[in-house]
Amino acid sequence: MTNGWTDVSNADVILVMGGNPAENHPVGFRFVMEARRKRKAKLVVVDPRFNRTAAVADSYTPMRAGTDIAFLGGLIHYAIENKLYHDEYVKLHTNAPFLVKEGFDFAEGYFSGWDGAAKKYDRASWQYETDAQGFAKVDPALEHPRSVFQLMKKHYARYTPDAVANICGCTAEEFRKAAAVICSTGRADRAGTILYALGWTQHSHAVQLIHTAAMLQLMLGNIGMPGGGINAQRGHANIQGSTDMGSWNNLPGYLKIPRANMATLDDYLKANTPKPLRPNSLNYWGNTPKFMVSLLKAYYGKHAAKENGFAYGNIPKPGETENYGWGQFFDKMHKGGIEGFISFGMNPVANGPNTPKMLDALSKLKWMIVVENFETETAAFWNAKKLGGKFYPTFVDPAQIQTEAFLLPAACFAEKDGAFVNSSRWLQWKRAALPPPGDAKPDQEIMSRLFLAVRDLYAKEGGKAPAPLLEMNWDYTNPRNPSLEEVAREVNGREIAGGRQLNGFGELKDDGSTLCGNWIYSGSWTEAGNMMARRGQDDPTGLGIYPNWSWSWPANRRILYNRAAANAQGQGWDPLRTPLRWDGERWRGDVPDYKADAKPADYGAFIMLPEGVAKLFAADLVEGPFPEHYEPVESPVPNPLHTNVSSNPMATVFHGPLDKLGDAKSYPYVAITYRLTEHFHYWTKHVASGSELQSNFFVELPEELASAKGIEGGDIVRVTSARGSVEGPALVTKRIRPLKVAGQTVYQIGIPIHWGFIGRVRGPLVNNLTPSAYDPNSGTPEYKGFLVNLEKA
Amino acid sequence: MDKRVERFSAPERLTHWLVALCYLYAALSGLALWSRAMWWLAPVTGGGENLRAWHPVAGAVFAVVLAVQFRRWAAQMKIDADDRRWLAASPRYAMHDETGVPESGRFNAGQKMLFWLQSSSAVVLFATGIVLWFPESMPRAARLASILLHPLAAVASMGGIIVHIYMTTIVVQGALHAMTRGYVSQAWARSHHAKWYRQLSDR
Amino acid sequence: MQTVAKLIDTSLCIGCKACEVACQQWNDQEYTLGTFQNTYQTMPDLAPNFWNLIKFRETEIGGAQSWLMTKYQCMHCADAGCIKACPSPGAIVQLGNGIVDFNRDNCIGCGYCITGCPFDVPRLSPKTKKVYKCSLCSDRVAVGLEPACIKTCPTNCLTFGSRTDLQFLAAKRAEELRADGFAGAGVYDGPGVGGTNVLYVLKHAGRPEEYGLPKDPTIPWTVSLWKGPLKWLGNTVFIGGILTALFHFVKFGPKEEHHRG
Amino acid sequence: MGNTIDRRQFLQSSAVRAGAVVTALGVDLRPAIAAARELKISRTTQTNSVCPYCAVGCSVIIHTLGDKARNVHPTVVHIEGDPDSPVNRGTLCSKGISLKEFVVNDRRLTRPLHRAPGSSEWKPVSWDDAFAKMARLIKDTRDRTFVEKDEQGREVNRLPSVAMIGGCTDTNEINYLLSKFRFGLGILSYENQSRL
């Protein structure tokens, strides 16, 4: 979230699209209701289903799953066409005035630079036209035909209301009505927010989709504004913190993983420290060396010295173009290329795409370690034939599965301390209330003892490449079970000499004199103590910024890009709703997302970007600098905009025997999977209360389709995709409308997740159906909008 | 000494007293449920929870035994022309002025009326009682009707019973003895049930 | 002494069921599993171990697609039919603050309250032979805590406070809704039962049945008849019967054999 | 009338705490005593925690009974929203309000389990044995498949044959330790729930 939950109450318009907060974030949704009560805010819902958010909305527009870019692109077109965008904001805070190199083009579904043989883009033509110093050229009037603004206007000229209706399946009138409300925020005194969730991220074009939303919000001048922003409602208590601590391609703090071609730390820093693209760009990532060296010091302690590049060599490095993401490594596992697998509290058999393939992949493992509160489908995958056999006709008996499995009992949240980062980026410290049951242990003890056991073997017996293992700093007071407070202090960072806790990442050094486990968390545990455990109630701005409640990354800043809520003079666009303003000497309000002592004109508002301004045109994404509507990998119709390039040409798709894709002839219906408010993910099927609220798996389908198929509510239906099937009772409803798309009627089917073959209540795993197709930038699978068939069982 | 005449056979007496016993319990526990002013009867009849459990059981036994009694007596309870005249003259009967009061058979018209009153109210009490016994599985309309009809029938029934008890224990000396021991004197029979007495003598 | 109340603004209910579970948790209810009923509703009706149910109704009102979600529980009527029907003194009590509470030690399980209730709320447990319903968390209210359902409600759909304050708030909310284009918006508070201490704001106040609420709730006339005229009739019969007998005895005494010819 | 506990009766009642309780609810609460039931959280220890489900980040108060004396294991009797939190202000959703059912749950795992290759069941194993076995398996795999230099001879120090996932249900600190764990071993294939 750029803005956070409490800030939603400052909005005038709330667009909920690709999310369903009333059901999946009911407590967060209270701020939507507050905005409506306090500010008469309008709630606009665009969704394939008339869900519980739509039930209380001011306007609901149905749409076909996977066509969000068309809808949002239509909004951009609508805003430009009707001059509803915030002109001054766009000129000041975005790259709309930047000139793009000659040669950039878009035609017939491809941007310039497409290499059909290699199936990828050469992004050379997507760059800015630069001057002698390497700065981008601009046209402040936005009139140059190669200015980002003009290129964007041209790109979205095709996204007329009729075109949107034809793709999305709503009527042009419905689109216009929603657009009028949404685009009403393109004024200085109005702010609109967007709430989204997995309905946007689970597509083969997910990142582009969110880019479109960001573009729309920038056009409307809503980024940085209280009551604005684009706000991802994340689905797990610490999915944000977990992401902040890195994934296969990131080190903690979003430092990029070193690649094989970056042999030394210098190579790495050269490749990953950006240069400013405008004279007034603060370019904060220019501090990358401080962050990286402090991280290496935290990792390798005394083994990290200037002479050895701070033990940089110990960090594992993928090849330049290699991908070690979810789709790739499970595919590799499926092909027998992975021996061992460790899962700390995740259940890929349930939550990963294409369960039949997942089961097959796990059965090829030599060993597997699962750390959990409850027995999961993943832990017991080897028993899937017995427990869920009907849906896995080709899966083998346990006797044929040679995987040695460990299922380790872990403490649950109430039995551990530590910090969770919520969607608002608030690090909230929690305390342990009781010891774990029986012989269960906290994860840090399990992990540490396992790590130390391996390390002991290396110390005793020697072995291959012991250095990365032996030099990793595990020097905690109790290494077998480190105190999380001690770990949190290390994450915050300190001066190595003297041990003073740092006040923030501004104090980090690139000479090895500071250590810091995650630079964006620096400031969370200072000499003043644990900032994450603070319980202050004050809200000095009255905008729902609670600076003394817990601690927010970065630097306790609550609204990201808050400098953009002010104009060139540093005064708020809306004087009644200004998180940050320049009083002539200093910035007042929220912690400035800006250099604290710099004048308004000194720098661009987007200090993390080399441009210094926000990017409407973004060359970093693999499938193009402007988002384009591409159909899902499985689609009921060819792309109405360019039939030959129907789905995302860069989408990650696998082609093994278990990766089949279906066509509209055999699988005519569009399916989406989603959560219900009654359950949490695959956990509450173990919990009595959730089991009571919704005991049964079911399939939601439109009345019209049901009557055509002779299905009545409660009849058992079978849903089949090219990968697998599920069975359950039908919930027949008016709330999913048949849609007219490209001249034909398209039916959508809703399938809630939450059940599995282990639990207090059981049901089929919906990922039996989903395709192994992923977004190329983020690696998220396409759970929204794949094809199925439906029949009465 | 007068010759004795058998008035009620042993099975008749047994049924009557079984009915009476069940009735007494159902009536007392029912009175506790009837009004909070009568709640003092609840401890007497076993306490709230027990009386809730036992009242319907007593009612059910009452209904079954009453059915036996009904089968035995129904034929003798037909109202004939004499009975109608008897009823017309009943105020005088009540004031012990029996001129013009026709002679009675085995049961006089008042007793017959009581029989029919008790039998019909028992039908209502039983039907509505079943509903009130298992309210959770009964339709709301039935419960709403029963909650009114059950006490209504009870009131009617108990009104009759008050008269019955008063008549049989105090007004008509010897009646109680007839039901306890089974026989009456010829004089008593002749005096109270002349028609019946003649039938017996004719036999 | 102020009467407490709960306000349910149905226009703010998102059917999240937090109130259902809060009730279950606070009252340590046993959870049960349900069978599929072609609805999102947790169970078809209230149950002895389920005192607070959100009713889900898919409907169309004025041509607009609606999905109405209405919390349903004891209404804590001022003139409570359950109390009227209850034979066991102290089993159902109306506290000074208006809460209609059960004291299950005194409950005899007759179920009359179920019939007496205009809203069909109390439920008899076949297991314990006692009747159960919402107590408006009288134990929490006693120590200054809100009822569990109200505290947990994320959207402000539920509000707790004095009845007077909430009547004011409800009227204001209804007015806001009318200003928002819901001409039929209004407050539902059961005048037929002397007002309920659970107030509803409905967008379509003229059609409470759409929400699963009875149109004009009153104590059933059979119950009123039973507890009113019938009681007097009965008392007359019983007392009159006995008095008449006494009078008769004194005036006429027993029959003597010689009366007859 | 007899069913109403009126103010006088209340004041006379010996079972009732003394003192006026007029709270922020704006309601005089004194008459609302339910003598039949003791408030179930009146003797609990309260611990501040955060809901482990979605990422709204609702603060919760965990009520435990049991003073941790030698033979006493505290147990959770109730979990409720924390009114101090600006996020939830005491409110919780249907999942959060029933967290007790998650913590106190007869389906919780309470001892390490091991499944031998080809077996069709779990067998309990001691922690020490489990750690020894797992460490041996990890070392064998690492020694066999670790890549110090790629085909082009560049130092890469990676362990491509082990994959690891998780962390989104755990705290920052554990996630940080996980990063040390995996980089120590050389694991690159690492993902969490944000990928899904």
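When the chains are written out, they are named A, B, C and D in that same order, and each has its own residue count from 1.
Note that a contact is a pair of C-beta atoms (placed from the backbone, for glycine too) under 8 Å apart; a residue touches a chain by one contact, two chains touch by 3 or more.
Because the structure is predicted, anything quoted here is derived from the model rather than measured.
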item	value
Innermost chain, taking as reference the mean of every protein Cα atom displayed	D
Greatest separation from chain D - chain, by CA centre	B
Chain pair with the greatest number of C-beta contact pairs	A-D
Inter-centroid spacing, chain D versus chain A (mean Cα positions, whole Å)	24
Cα-centroid distance, chain C relative to chain D, in whole angstrom	38
Inter-centroid spacing, chain B versus chain A (mean Cα positions, whole Å)	83
Centre-of-Cα separation between chain C and chain A, whole angstrom	47
Residue numbers of chain B (touch at least two other chains)	36
Chain A: positions in contact with at least two other chains	26-27, 30, 677-678, 688-689, 693
Per-residue multi-chain contacts in chain D, two or more chains	2, 79, 88, 91-96, 98, 101
In contact (per the touch rule at the top): chain pairs	A-C, A-D, B-C, C-D
For the chain C and chain B complex, residues of the former touching the latter	85, 87-89, 91, 106-112, 114-116, 120, 123-124, 126, 129, 220, 222-223, 225-226, 230-231, 233-235, 237-238, 241-242, 245, 248-249, 252, 254-257, 259-260
Residues of chain C defined as touching chain A within the complex	11-18, 20-21, 24-25, 31-40, 42, 58, 65-69, 154-156
Parts of chain D lying in touch with chain C, wherever the complex brings them together	2-7, 10, 21, 23-29, 31-34, 36-40, 42, 78-81, 88, 90-98, 100-101
Residues of chain C touching chain D in the complex	1-2, 4, 16-18, 20-22, 24-26, 28, 31, 83, 89-90, 92-97, 99, 101, 103-105, 135, 138-144, 146, 148, 151-154, 160-162, 165
In the complex with chain A, residue positions of chain D that touch it	45, 47-59, 62, 64, 73-76, 79, 84-88, 91-96, 98-99, 101-103, 105, 107-120, 122, 125, 127, 130-139, 141-146, 148, 150, 152, 154-181, 183-196
